[in-house]
Amino acid sequence: ADPVSIVYIPKNTGNPYFDSIIKGFEDGCKTLGCDFTTVAPASAEATSQIPFVTAQIQRGVNVVAISPNSPDALNQVFDRARGKGTIILSVNSDMPGNEAHRDAAILPVDFTKTGPSQVELLGKQIGYEGEIAILSATTDAPDQNVWIAAMKETLEKDPKYAKMKLVTIAYGDDDPQKSTTETEALLANYPNLKGIISPTTVGVAAAAQVVETAKKADKVKVVGLGTPNQMRRFIENGTVEAFQLWSPYNQGLLAANFAVGVKNGSIKNEAGTVFEVPGLGKVTVEKDSVIKTQADLTTFDKSNIADFNF
Amino acid sequence: MTSVDKTPAAPGRVIVREAAAPRPRWQVWLIRPEVVTLLLLVVASVVATRLSPFFADLGFILESSTYYIEFAIVALVLTIVIISGEIDLSPAAQMALSACLFGTAFKAGAPIPVAIGVSLLSGLVMGLFNGALVTILRLPSIIVTIGTLILYRGLAQVLAGDKSISGFPGWFVGIDYRMVGIVPVPVLIFIAASILLGLFLGITIYGRQIYQIGTSEIAAIHAGIRVRRIKMGLFIASGLTSSIAGLMVASRLGSVRYDLASGGELTMVLIVMLGGTYIFGGRGSILGTFLAAWLLVIIATGMTVANIAINAQLTVMGLLLIVSIIATNAIYARSQR
Amino acid sequence: MTNAAPLVSARGISKSFGGVEVLRNVDLDLMPGEVHALLGENGAGKSTFAKILAGVHRPTRGTIELGGKPVEIGSPIGAQRLGITLIHQEPISFPDLSVAENLVIGQVGAKPLGRVRWAELAKEARRLMGLLNVPIDVTVPMRGLSIADQQMVEIARALASDSRLIIMDEPTAALTPKEVETLFTIVRRLREEGRTIIFISHRLEEVRAICDRVTIFRDGDKIETATTASLSDADIIRRMIGRPVADYLHRGTSHVGEVALSVRNLTLPGRFENISFDIRKGEIVGLGGLVGAGRTDVARAVFGVAPATSGVIEIDGKPVSIKEPTDAIGLGIALVSEDRAIAGIFRSLPVETNITAAVPKRIAPRGIIRRAVEKVLAKQSVDKLSIRLASVRQPIGELSGGNQQKAILARWLLAEPDILILDEPTRGIDIGVKAEFYDMIGALAADGRAILLISSELPELLALSDRILVMSEGKLTADIPRAEASQETIMHAAVPRSGRHTVSGAAA
Amino acid sequence: MNAVARLFRAREAGILVMLVLFVAVVSLIQPRFFSVETLRIVLLAVPLILVAAMGQMMVLVARHVDLSIGSILGFSAIAAGMIFRDHPELPLAVGFAVGVLSGAALGFVNGLVVTVFKLPSIIVTLGTLSLYRGLLFILSGSKQIDPNDIPEPLIRMAQTSPIDIPWIVIIAFAVAFATWLFLTYSQIGRQIYAIGSNPVAAPLRGIRVMPVTILVFTLSGALAGLAGLIYAARFGYVNPGITGVGFEFTVIAAVVIGGVSINGGAGSVLGTVLGVLLLGSVQVALPILGVSGFWQNAIYGGIILIALVIDRTVRQGGLRGLLARGGA
């Protein structure tokens, strides 16, 4: 039989985060013997991925893995693809409320753990005391909102964090310029601010840059989710003590294994299925066909940053 | 006045400067921008077929065309606006704002027909606003519509935030998957609109007057043509068409967001220019725009299905726009005496 | 200036615009230190010749020698390098720049990155304007200066350059007699410095006052060059016109009827004020004046292109409101405007489309154009006015100027107007076609139409009009019955008497 | 100078009043806005726009427009960033030279196409907006320049200088000053105004319209290139898909607000600086006031339209002239 063909469509081209996912796909397919290609639109706008999906259906690709730019704008084209037997995998983020339109979602970590883990990372640095703020991406980003809700809950419920006060949530739209001005406004509006949590790669880098520029690195701590290559400078010069992330690479690797397995019939796409991924160990398919690559976030700091390159 | 020793000039006697001989008929027919567009269309189809074995499939091309057809429909009206000597760069933003208004009205509990009404009304008001700035305050349309393009999209953002609004009823959603034969409904709308607007421009007195206004606005005013009224009408038509296109996008996607159709102004201008409409007004045709829309579909779809990276696509589109205006300009300069 | 070698010697200069020859085989020698007049009717080719010397146009054929050496004058900068400066007939200016800057900008010798020394610039500008006796602030922007002041700046600019050849194209058209005198003093001084000056004017007394020699053009041909003293006024005029003015048809004024158009106290601030006149059915009323007097503005106001702010227009005794040309057309008014290229033709559109432009209802009663009807109407017009063309589908831009003008007249005849305003209807038209036009105008009046004829050609006005109105600086200064009308009476009323600053274009 | 001062006095006063009013109103609502800290933020936000605005202003004065500056900015930033990344041994100046020169080259192409083919600059630069973005994707291989590839000294330019005002602020105002000198005291500078004021008359007056126009586009490109380096310094990375996208509208907004006439011929450096400051203040004020960022575009669009209407009103002699009919 022909080898399984997989196409991965990231949010947009030129985004380094997705390059690691692509690397994972490539390595996975090398060992599995599947065909892998990747195509991407120029901008991460809601509709820009649609023509790419249609073209892949036409090409007769077996699996379309995609990091969707919109939770719902792609529903119809996905339905059509699946009608023609194409498997649709949502990678890195899911489509909340529209799970029925894709076959499975490959997510990086257990999202319920992200919020508390970030709060703890910051708390440790500021002595669990003082005003803190969150710099998010867009108000509409589903994963962001899940994490922010979890952060709020942790701050309220866990007595350990009782003296930490969340003063505001700002939205930088994953745009460096806007994230910068928003962070500057945070510093201006809250002179006593002790820390900023930015669970988005663009935001955390912008926040770090602002704090460095304002020479407030010792007063205001920045934590968040970032990629090592973007944050290396700030770790090395001490602006940022630590940040977290999962391994995007593993998502690609896992997605490739899962896709080939489902296509071959060796993996059943239903809750409770357990399968083995070389290098990752045993993975379980959860409710709604959600699959997570790892349980906990990796924390990056001076000690280990040199070991990563993505 | 003294008498002069010369015989009075009689009509028959003097040297008469005759009209220049007209260009041969075949030149008039063959050397025109639409022919260039048609040639490009043929070339693009052949190249696309060569590039990817998956391309030559009418059903696929028609399906893919639905992603560009909304812009193409607005481009038809934009063609007329440009022939009249103006330009409208705000339709894509108008599409977004009217679609967001539709979504917001729907979310607020309005029945779909009412929400559609709201959206169409907003198209009318936006067109009216553009038109008023251009025809009453006499501001240049090119910069006015850059201003309103930012304003309208900004208002869409204020209205909808960055949330996408969805949950429209099933009958409203999926216009691009309703087929007549193998032809999706939006494509049918485009074809019908092309025929209607082509006839409007070609055989009605308004079409005639629009060409006259674009050729020389001052001469048109002197000939008693109601220039302002016609231009105002065109801007309103552009607004209305944009809101219809916005609704079509809402139906196709089943959701709306403020960034809907973002960057669409470039695509629309590209289509009109590729169709050989003269940027300075007075010349151009719906046929050209019709062909150019298909040219765009073929090129974009061909490159996408051949997995050609987006960078090459942007480069090709930019080059194509520049080359096409140079060609159009050259052809018109040639026939201009 | 006696037997020295000529400074400029032009040989066989011809120039065509779009196939129409406007200069044919002109030979001309200009001596150092002479003031040389170019004379000729409107459209004779004077400005075109001047522009060829100044590098604005390139001749279609012919050679130019400067100081004995053949030269290519490829551009205005090239001309300036060679020491040739042109004062344009219509003053050209940069409205956003100051007067002082307008005097020097683009001058040769200025280094691109050279420093602009504002204080010195202003000082020099004041000196130049002082020479010309023009008391204006040189630091204000050019925008808002009157045409006359703009003309003075243009003259000052020529003085600032140390050119060997200065060409003045109708510099006096907008000036008061006193200003003309100042200009002449300066021209005399330039002559003494050994510079050559070409002086273009329609006023013979000015030519007599200042020019050593004259060259007369007629319809693109050079007729003669002679010393001024050797020609009488009558000689000059005969050579300029080349035809007996008296032979234009004289119509009787017998069949004049009711008042068709009556204008009362029409005012458009900055352009014209308190204009009142009547035109009767079957009457041809001439409207004369110098360029810029405001005649066109009055016509545009009556036709609704740029309505007056106050005043009353009555048609057949009833006051009417005319806000745009559509209103005027509905009331039976037609305007053949002076600027055919811009306000008349649709250059790239077919002749038939051009002819039927003002009668949409006739070619498209229900909104859909009836091609057959259109074609018939156009063909009939073409036959009636003997418009010479290859096909009615031909773009009108391919026709000669006279035939274009006929097509525009045809457009308005189709509208069957009761009142016809003709603004310089024969500008830039061959003599033969002109004669046809005169016949047509006469016939139209005989038909009972009221005609307002605006013309800068006095013979034309005198020959055709039953009555002549004259405007000067936005005011009606005379209403001369046919019997009393002469070139002198008209010019007398046309020359501005007041200060210079009354006619000012853009209100600041 | 006297003449120039007088020419533009009224307009600049108007913008200054707008700026003062804006600051006053915002400070009343939110007293924290009126502080050294805010001034610092505004000053940091300004250089990027200011440098590019100087170029765009010259283009507008010459009666053209350059929509491609966002893509040029991205291209130059990527080009310079690739030098920094791939040749860290080279001095900073090489990166600057690459950024500015690549911008100048792209601007030169704009000017060439506009003048040689006599095409409207708005359409040409709309085309190159897309073309240059495509080229920059190709050049960069769609890879972004990461923060650790941006040299430390460049980053520090956005933070400090011997006189404790960040270098980029000093550079931006120096560019503005140089532009002012160039436009006010050089022959070419005045010729730019002349061309915009009356394009038909300019060649008759011996002005070489084509080279001057090409120069203007080249300068606009070079300054957009410089803005690319300022971007890299301030944001610490360059992304092919993000850097400079939509930047042209911000800059045109600033310039038009600064009283530069879209009909060419009129506009001053001082006015543009004030326009940029006003826009920068709006940018900074919105989050400080807690106004949703969603308002930003609507406000920009509104201000542009208001500035246009004011421009027209000034030119037509008050509202009456503006609304008067006729005068084709």
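Which chain is which? They are A, B, C and D, in the order written, and residues in each are numbered from 1.
We adopt the following convention: a residue touches a chain if its C-beta (ideal position, glycine included) is under 8 Å from a C-beta of that chain, and two chains touch if they have at least 3 such contacts.
Keep in mind it's a predicted model, so treat the numbers as computed, not measured.
When the interfaces A-B and B-D are ranked by C-beta pairs in contact, the top one is B-D. Most remote chain with respect to chain C, judged by CA-atom centres, is A.
Distance between chain A and chain B, defined via averaged C-alpha coordinates, is recorded as 40 Å. Separating the CA-averaged centres of chain B and chain D is a span of 30 Å. Between chain A and chain D the centroid-to-centroid distance comes to 35 Å (mean Cα coordinates, whole Å). Distance between chain centres (mean CA atoms), chain C to chain D: 44 Å.
Within chain B, contacts with two or more other chains are made by residues 161-162, 218, 221-222, 309-311, 313-314.
Within chain C, residues 305, 324, 343 each touch two or more of the remaining chains. Contact of a single residue of chain D with at least two other chains is seen at positions 133, 137, 142, 328.
The list of touching chain pairs reads A-B, A-D, B-C, B-D, C-D. Across the interface of their complex, chain B is touched by residues 65, 113, 117-120, 122-124, 126-135, 137-138, 142, 249, 252-253, 256, 262-263, 292, 294-302, 304-305, 308-309, 312, 322-323, 328 of chain D.
Residues of chain C touching chain B in their complex: 18-21, 234, 237-238, 241-247, 303, 305, 324-326, 328-329, 335, 337, 342-349, 353, 357-358, 360, 363-364, 367-369, 386, 388-391, 393-395, 397-403, 411, 430-436, 459, 462, 487. Touching chain B in their complex are the following residues of chain A: 13, 37, 39-43, 45-47, 50-52, 54-55, 58-60, 70-73, 75-76, 80, 138-140, 171, 173. Considering their complex, residues 56, 75-77, 80, 88, 92-98, 100-101, 105-108, 110-116, 118-119, 122, 138-141, 300, 304-307, 309, 323-324, 343, 506-508 of chain C touch chain D. Those residues of chain D lying in contact with chain A across their complex are 32, 35, 37-38, 40-41, 44-45, 133, 137, 140, 142-144, 146-148, 150, 155, 158-159, 166, 234-237, 239-242, 245, 283-284, 286-288, 290, 293.
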